[in-house]
Amino acid sequence: MAELAERQPGQGYTPIDEAKRQRLLELVRGRAMARPTDLAEDEVMVWPSLVVVEAVSAVVFLLGLIVLSVLVNAPLTAHANPNQTPNPSKAPWYFLNLQELLLHMNAGLAGVIIPTIALVGIAAIPYIDRSPLGVGILGTSAKGRKIIAFTTVYTIIVQTVMVVLDEASDRQQFGLGAVLKDAGMPEIVYGQMLPSLIILGAIGVLMAMVQGIFRPTRREMIIALFTGFVVTYVMLTIFGTSFRGEGQELTMPWNLPLEHH
Amino acid sequence: MRREQTLADRITGSAVWRSVVRHGYPDTQRNQALIIASNVFLHIHPVKIKRYATKVTYTFCLGGLSFFMFLVLVMTGVLLMFYYVPSTDLAYQSMQDIEASVTFGQLMRNMHRWSAQGMVIAVFLHMGRVFYTGSYKPPREFNWVIGVLLLVTTFLLSFTGYLLPWDQLSFWAVTVGTAIGGAAPLLGQYVNFLLVGDYQIGQNTLVRWYTLHVIFLPLIAAFLMAVHFWRIRKDGGISGPL
Amino acid sequence: MRREQTLADRITGSAVWRSVVRHGYPDTQRNQALIIASNVFLHIHPVKIKRYATKVTYTFCLGGLSFFMFLVLVMTGVLLMFYYVPSTDLAYQSMQDIEASVTFGQLMRNMHRWSAQGMVIAVFLHMGRVFYTGSYKPPREFNWVIGVLLLVTTFLLSFTGYLLPWDQLSFWAVTVGTAIGGAAPLLGQYVNFLLVGDYQIGQNTLVRWYTLHVIFLPLIAAFLMAVHFWRIRKDGGISGPL
Amino acid sequence: MAELAERQPGQGYTPIDEAKRQRLLELVRGRAMARPTDLAEDEVMVWPSLVVVEAVSAVVFLLGLIVLSVLVNAPLTAHANPNQTPNPSKAPWYFLNLQELLLHMNAGLAGVIIPTIALVGIAAIPYIDRSPLGVGILGTSAKGRKIIAFTTVYTIIVQTVMVVLDEASDRQQFGLGAVLKDAGMPEIVYGQMLPSLIILGAIGVLMAMVQGIFRPTRREMIIALFTGFVVTYVMLTIFGTSFRGEGQELTMPWNLPLEHH
């Protein structure tokens, strides 16, 4: 309704034509609840312009959903049995990134501390990057889009290498964890501090490279970090869903047990 | 000049009709404004909007689709509730009945399942779209925070629903999931006991997760969405190039 | 002239605070208007109101109390749901557990029960108040109709909740109640089967009534209340002497 | 927000004082979302005037509810047993008016047709009485309040007499039903038409008396009818809850089985 407040009566009245006369009559009869709006050039009426877009996308989506639901049934496996543990046991797919992380480090770090830090960090973005630069433009600028591409490639390579290497060293932080363990260090050192350092290192290298190559603004650096998070989330999810078989061993997708969805 | 009264005119001119609907046919700008401003559900919109905000390739309708999927989930969810009993003895059998005996039961279940998955994806992509267009910047900072909370709520809604079929898939997925939550430093065992309601996953867990899934988390989501949508309006609609 | 910054000033002046709250302390008319107009829950109110509309002896707060009881019922209801299983095997035992083992369980149940009774009475009295002050007259005709629908919904909410304890009182009250519904001419047996979900009151009835009680009817009530409150605003607030 | 639209800038500006200057500055800084309102004499600000009333009544009510809930426990009788019918079996109290009605006539008429007609009739009131007369005045006028008192007394007497008389004639519509039944009439005559006529008769007598005594307006006649409905609802509820014992016989409240609530 705020828009209505902007229109002030008494401005530029033209001689009263029929439409206006009707409108005035309705006003007198007490039926006018909102005043007609004068559209600026870059504005459209929500009815019909926006409402039509909403209705059409709702219908298209609903049809797609119904077709999908007719074709593909939701899975229903055997009755729950606490005495028969399936191998592998997997969380829902959107948590398989955490389960993948869990293989490589302490459970509390992977399952609680890292996701909490990630969420708090994401929520804090608007209080760190306050400049109005790039609002409304996908990726802020040509440089921003290049940073997105660079970060995506970097993260895919680093993630894949790290997962495969760690797997090759029996998930002992590339063997470094095994060394510390054998040296009699407590779990907090090789299970928590070492993995944290490795993660921070990977992030640090990314930031240094972006800084060196692109000389980014604060907004563009945050784009690099956010992109790194998103790609990591997707990569770990793909590893967890499609490349982990019995005993959570790395397997090709076509070797996975069929009962998991 | 009086034109002849058609039946439609007589209906829309009657006292009953006019006590319900307070605008004419929306073919004039005035009535197009009134239909938005005089309807409690449509009034979430402003009556006019910047042209770029209707561009599908800017928003990809992701926020709207997330909300629409939430509505689909509420409707199919309520229908499923009429046949589902959250008891360890009856839950699995309810699922089989829904699939085999209830008219359109399998379709309802599939729609509920696939929209739940779709909503997780749509909300995540929506966050991406908002981030990459810089739409979190002042004055929209706090609405971004609300959005992050909505993402978390969406995850929790999906996860709590995962247990309900009470099959091997759901039982062990939740076993793994709660083990992750139970690994939290210091509070782990309390979190775990709060989530499971017992020393192992059983009847207490099922009714807790059912309640979280069908009413507690939906209420939180509805509350957050109310604030989310309200703030979009108050912040001048969706973002656009300056 | 600059006064010294207190800790409160520094908090309320921070970027985080100001991204959440967009008005100052409501001791000026401007901030009193903003606190109402910038909050999604308070904005149901206008920022100013006719003096007579605040007179307790005109409304006796009956509409407000009905709504408040609805909120109390939602909150206590959600808490009770965490412990109640709508299965004929477990329902009664759930009730005994709630009364004997759950912390504040008996209190929650009592509050839920007595507000439910209170809401029936308050809604009925509210209808009487609105009638005897002539508040249904134009332009409020349709809101009166919404009010009648809300009265019916309140009755149904109370009645569907009646079955849930699964004791003799509830079982036979519902037997009598559905027999009344089943006596409807022509449609009687269909209505009865729809309500009972079987040829006698049993598991199907319990889960149906549970679903009606905890989500279906509350959603209808919330929908009707949204329209009801919206129209009070659009009709110029509550009625008053001309 | 509609109120805000009514205030137009540029009207009656006084020299800018400090408060105004601050306000303007805030406007320039983009923090002003709503303009302060100028109150008319009969208006108050919702915050605090209305919000305080709401908050206080909510707190008072909540305390009362908690005290009640601490003192009085909700009933929980024995486990449901389909094979053991309690005598009497009663619906919840707010439906006992219908159950009372049910004793005196056909079940479909008492349980479905009459309540439906009553609800539709009540919903239709605003479309029958459209004059703005008496809005905002309890009972419309002195005459209206007299009509309320008269109708209340009339309905209490008529209801009591009818229930007691019908009970005395074995719930056979004061014996008339028995006569028709013995004469071989179908159920629709003595179970539906006769009770309908009796009810319409009682309403008709009320309307005739109000018309004769008060010469009411349409609004006042509707007050009589609505009051008749409310008093009937309350009376039948009282009969149903407090005066119906085993076998639904009329009993004094202190003779009722204790287990019913």
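Going in written order, the chains are labelled A, B, C and D, and every chain counts its residues from 1.
In the analysis below, contacts are C-beta pairs under 8 Å (C-beta built on N, C-alpha and C of every residue); 3 or more make two chains touch, one makes a residue touch a chain.
The structure displayed is predicted, hence computed values, not measured ones.
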Both-way neighbours, i.e. chains that touch chain C and touch chain B: A, D
Result of counting contacting C-beta pairs for A-B and A-C, higher pair: A-B
Whole-Å gap separating chain B and chain D, where each centre is the average of the chain's CA atoms: 36
Separation of chain A from chain B, taking each centre as the mean of its C-alpha atoms, in whole Å: 17
Inter-centroid spacing, chain D versus chain A (mean Cα positions, whole Å): 53
Per-residue multi-chain contacts in chain D, two or more chains: 1-2, 4, 33, 35, 126-127, 130
Interface hub residues of chain B, defined as touching at least two other chains: 15-16, 19, 22, 38, 138, 141-142, 234
Residues of chain A touching chain B in the complex: 1-4, 23, 31, 33-37, 39, 42-51, 53-54, 57-58, 61-62, 65-66, 68-70, 72-82, 84-86, 89-92, 94-95, 98-99, 102, 106-108, 110-113, 119, 122-123, 125-127, 129-140, 148, 219, 223, 226, 230, 259-261
Chain D-touching residues of chain C, taken from the complex the two chains share: 22, 26, 28-30, 32-38, 42, 45-54, 56, 58, 61, 64-65, 68-69, 72, 88, 92, 95-96, 99, 106-107, 109-115, 118, 120, 127-128, 131-138, 140-142, 144-145, 148-149, 152, 155, 158-159, 162, 165-173, 175-177, 179-181, 183-185, 188, 200-201, 239-242
Parts of chain B lying in touch with chain C, wherever the complex brings them together: 15-16, 19-20, 22, 38, 40-41, 43, 74, 78, 81-87, 89-90, 138-139, 141-142, 203, 207-208, 211, 214-216, 219, 226-227, 230-231, 234
Chain C residues touching chain A - in the complex, by the definition given at the top: 15-16, 19, 234
In the complex with chain B, residue positions of chain D that touch it: 33, 126-127, 130
